[in-house]
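For clarity, chains are labelled A, B, C and D in written order, and residue numbers in each chain start from 1.
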Amino acid sequence: MTITLQTIIFALLSVVVLGSALFVVTTRNLFHAALMLILSFFGVAGLYVLLESGFFAVAQVLVYIGAISILFIFAVMLTRGMVAMPRVNAQAQLAALVSVLLFVVIVVIVNPTALSIKVLPGASERVLGGIPWQFTTVTTITDSYIKQFGASLVDGSAYLLPFLLAAVLLDIALAGAVQVARERRPAEVLAERELMAAEAAEEQQREQALDTAPETVLAADHH
Amino acid sequence: METAVRTDFGFVGVMFVTAFLLMAATLYAASLLRPKKPNKEKLSTYECGMETVGDTWVQFRSQYYIFALVFVLFDVEVLLLFPIAVAFGSLSLFATLQAMLFVVILLAALLFAWRKGVLEWK
Amino acid sequence: MDLLNIINNLLKIIGDWIYGLVHGLVGNLLVTDLITMGLAAIILCTFAALSFMGLTYAERKIVARIQDRIGPNQAGPFGLLVPIADGIKMFTKEDTTPTAADRWVYNIAPLVIATAALTAYAVLPLAPGVVGTNLNVGVVFTIAIGSGSVVAILMAGWGSNNKYALLGAFRTVAQLIGYEVPMLLNLIPVVLIAGSLSLVDIVNVQSTLNGSPGIPFVLYFPVSALIFLISGIAETARSPFDLLEAESEIVAGFHVEYSGMKFALFFLGEYVNALAVSFMFATLFLGGYNGPIFPPYVWLLIKAAAVFTILMWLRGTLPRIRVDQMHTMNWKFFVPISALNLIILLLVAKIFQPGNAAMPWVTPGVQAMATAITTLIPFLAGLSIASRRLRSQRDAAEALAETRRAANRAAVTTSMGGAH
Amino acid sequence: MEQGILNGIPLHFFLIVAAGLFCIGLYGVLGRKNAIAMLMGVELMLNAVNINLIAFWRYVRPETPAALAFVAFVFVVAAAEAAVGLALIISVYRNTKSVDPEKLDQMKF
């Protein structure tokens, strides 16, 4: 393997991504965790650049760093006082074991030198879902991939349905989140509680009626 | 063998590193030049001369979070609209109508938030 | 090569000469690229930092003139040395880190904001063939890199461990992310017509070269341009949108704990961002470096300076708006109007697309007129509805206050009558 | 058989980094005692998925935008998930003053 500028950058970015991700899952201070999450997202954007998909690198910065991280930081600050809590729960050691095992399994699977492993008995070459695992050339891409992608989003025979469903999903997510997160006025909350109490009382009454005179109620229902 | 650098994002990286180093150098130079005479009073948290009461965690209103929610919605929407805008020149009328429908669906979310009264600054 | 050509392509010629020089010295293509890119980055950063110094002076002078003052006039002729004096002051001022602060976060925040602001200049086309990098996603990049300053502000607010800093940071971020939405929404029309996210392509579409229509996008989308500019001012948190800072009323918001050079970096970030918004507006809507007679880079500077002058003018004349007005204007006017505009534009720009065989009379000029008129109508309608609504609200509030006053007067007179 | 290599980086490098990120995220989801930290883990996992998708797109099928569409929808889903999840956490915190998922053993508040 030859060492190029790209491999050096790749190594640096990998260290940044994995290191900051480790920091995220181990630190006690949630605000620091959120900052390190941002660094990790940034590193991932760098990996996208190395994969020559600049649009998604920028989109990663715009959506993950510019929007989702802000949501996280706001949530950390709104649930104040929870900055230093116990880091891990009771099953943390088991979780670590599972994660490490999974990692080992994935590394064994994607390791291209272990050609002798066969996924199915009798299979000569790893073929997963129609994509030959071993390929010989990497074709160059042009800038038109953004255009292609954009056209496919509104193409009825491509991804139009998921595209519109994504809009609906965002709609529902916003509606639900606003409904859950908004602070209601005390009067509003009280009114709702009264309504719920009234409903519960009604329910109880009906049940009592059922208990005391089941036959008559059933008969009334029957008619 | 020489490899040509892909200069498109390469320059962004160089610019980022250069800007960061220049600014850090400025801070370092300032740290050499400036006096350093700290005392307890000077290093206390600034609150117009009063002693600070309580910790920094005053109650924040979830209003901020709701603004961030609407922002996230539109951010993701615009992200999906940019590639469509790039491809706009060759789109059919049907495809354009679908893109319009997409914006209309998301505008509905804004109207919902408006009706719920969460866009008010109270 | 004649003199005119040399002047027009001055930047490109210098750049090529430096590249050739370095290549001659080093010989290796990779190393040459790296060195020249580093040089270009240093030049761009220095340009931004120097223009920061110049702009502070220009702004003080111009705002002073607007407000019938003289402005700085002591240091040097016409006070020209004031920026240098400021710089020396900033460098030699003591820089405290509060004991309660979160050290790392507190110290890195100003670096992040300045770096993010400077990196945006990497994609700015300065003249034909002279651009830091012709990124094929340049437009999105300039907006995306702005989220760096949002993160930096939150870091500063948190790191200071000060109630007012944190509250100020929250308010600032609410404003910044709010006004990012109309900014993004009004970028899309430009991309629709240009068919590319590259800033160089967008500038080229606005020139008359290569058979392009040569119409600046401000004529296509006057409404979008206006909303983009106002959102841009709000994005950089300048007056009249500087209510999070409100130097004359409350403590300075998220950077209350900062002093010395770190404070200067926040200030630099703010100015560099404002200048970047001016350059972006000039590039996206005013045709960038295109223009007759003068060399391209001069045109770009003229346009950006004109936009920045508008910014200073607004700062000198308009009163600061209230926080509820600011959010209402954004969420209830700019965002719905921008989205509505976008819906209309998608349809109109598609129907009036040049090159349609059924409608051969449609030229880019016709398309521009169609988009301009169809977006102006809902904008003006929305404006009149909003103003009528606000006026009726204000009238109602005043009527209520008047009745209260009358009731008070009546109560006072009766009580006085009882005393008699 | 020679592998396809892009700029000196073979495909499985990206896959292994993505696997590492995924497993770290998984540990975050399973092992943290704080609901917000768990959501951070989920975001890390989604990022790992995105790396895989883009890597496969670039190395194997750069001519079709299928993987890109998936990536875009992962962005959408990640945004929606973070928005709703954090809203729930804020709401629960308002009612119980806790963000520990193990304490949420009541069906209503």
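Assume a contact is a pair of C-beta atoms (placed from the backbone, for glycine too) under 8 Å apart; a residue touches a chain by one contact, two chains touch by 3 or more.
Just so it is clear, the structure is predicted and the values come from calculations on it, not from any experiment.
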B-D or A-C - the one linked by more C-beta pairs in contact: A-C
Cα-centroid distance, chain C relative to chain D, in whole angstrom: 33
Between chain B and chain D, centroid-to-centroid distance (C-alpha), Å: 20
Intercentroid distance (Cα basis), chain D paired with chain A, Å: 4
Contacts with two or more other chains, residues of chain C listed in rising order: 30, 135-136, 140-141, 166, 170, 173, 177, 180, 195, 197
Contacts with 2+ other chains: residues of chain A: 4-6, 52, 54-55, 57, 59, 62-63, 66-68, 70-71, 74-75, 77-78, 146-149, 153, 166, 170, 173-174, 177-178, 181, 183
Multi-partner residues of chain D (at least 2 other chains): 7-8, 72, 75-76, 79, 82-83, 86-87, 90, 94
Interchain contacts (touch definition) - all pairs: A-B, A-C, A-D, B-C, B-D
For the chain D and chain A complex, residues of the former touching the latter: 1-17, 19-28, 30-34, 36-37, 39-41, 43-44, 47, 50-51, 54-63, 65, 68-69, 71-73, 75-84, 86-91, 93-94, 98-100, 102
Chain B contact footprint on chain C (complex, rising order): 28-30, 33-34, 37-38, 40-42, 44-45, 49, 90-100, 110-111, 114-115, 118-119, 121-123, 132-136, 139-141, 160-164, 166-167, 170, 173-174, 177-178, 180-181, 184-185, 187-188, 191-192, 195-197, 251, 256-257, 260-262, 265, 323-324, 326-328, 331-332, 335-336, 339-340, 342-343, 346-347, 349-351, 353
Complex contacts: residues of chain A adjacent to chain D: 1-4, 6-7, 10, 14, 17-18, 21-22, 24-25, 30, 33-34, 37, 40-41, 44, 47-48, 50-53, 56, 59-60, 63-64, 67-68, 71-72, 74-76, 78-79, 82, 85-89, 91-92, 94-96, 98-100, 102-103, 106-107, 110-112, 131, 134-139, 141, 145, 148-149, 152-153, 158-159, 162, 166, 169-170, 172-174, 176-178, 180-181, 183
Of chain A, residues touching chain B in the complex: 4-6, 9, 46, 49, 52, 54-55, 57, 59, 62-63, 66-68, 70-71, 74-75, 77-78, 80-81, 146-151, 153-156, 160, 163-164, 166-168, 170-171, 173-175, 177-179, 181-183
Residues on chain B engaged by chain C in the complex (per definition of touch): 2-5, 7-12, 14-20, 22-24, 26-27, 29-31, 33-38, 40, 42-48, 52, 56, 58, 60, 63-64, 67-68, 70-71, 74-75, 78, 81-82, 85-89, 91, 93, 96-97, 99-100, 103-104, 106-107, 110, 114, 119-122
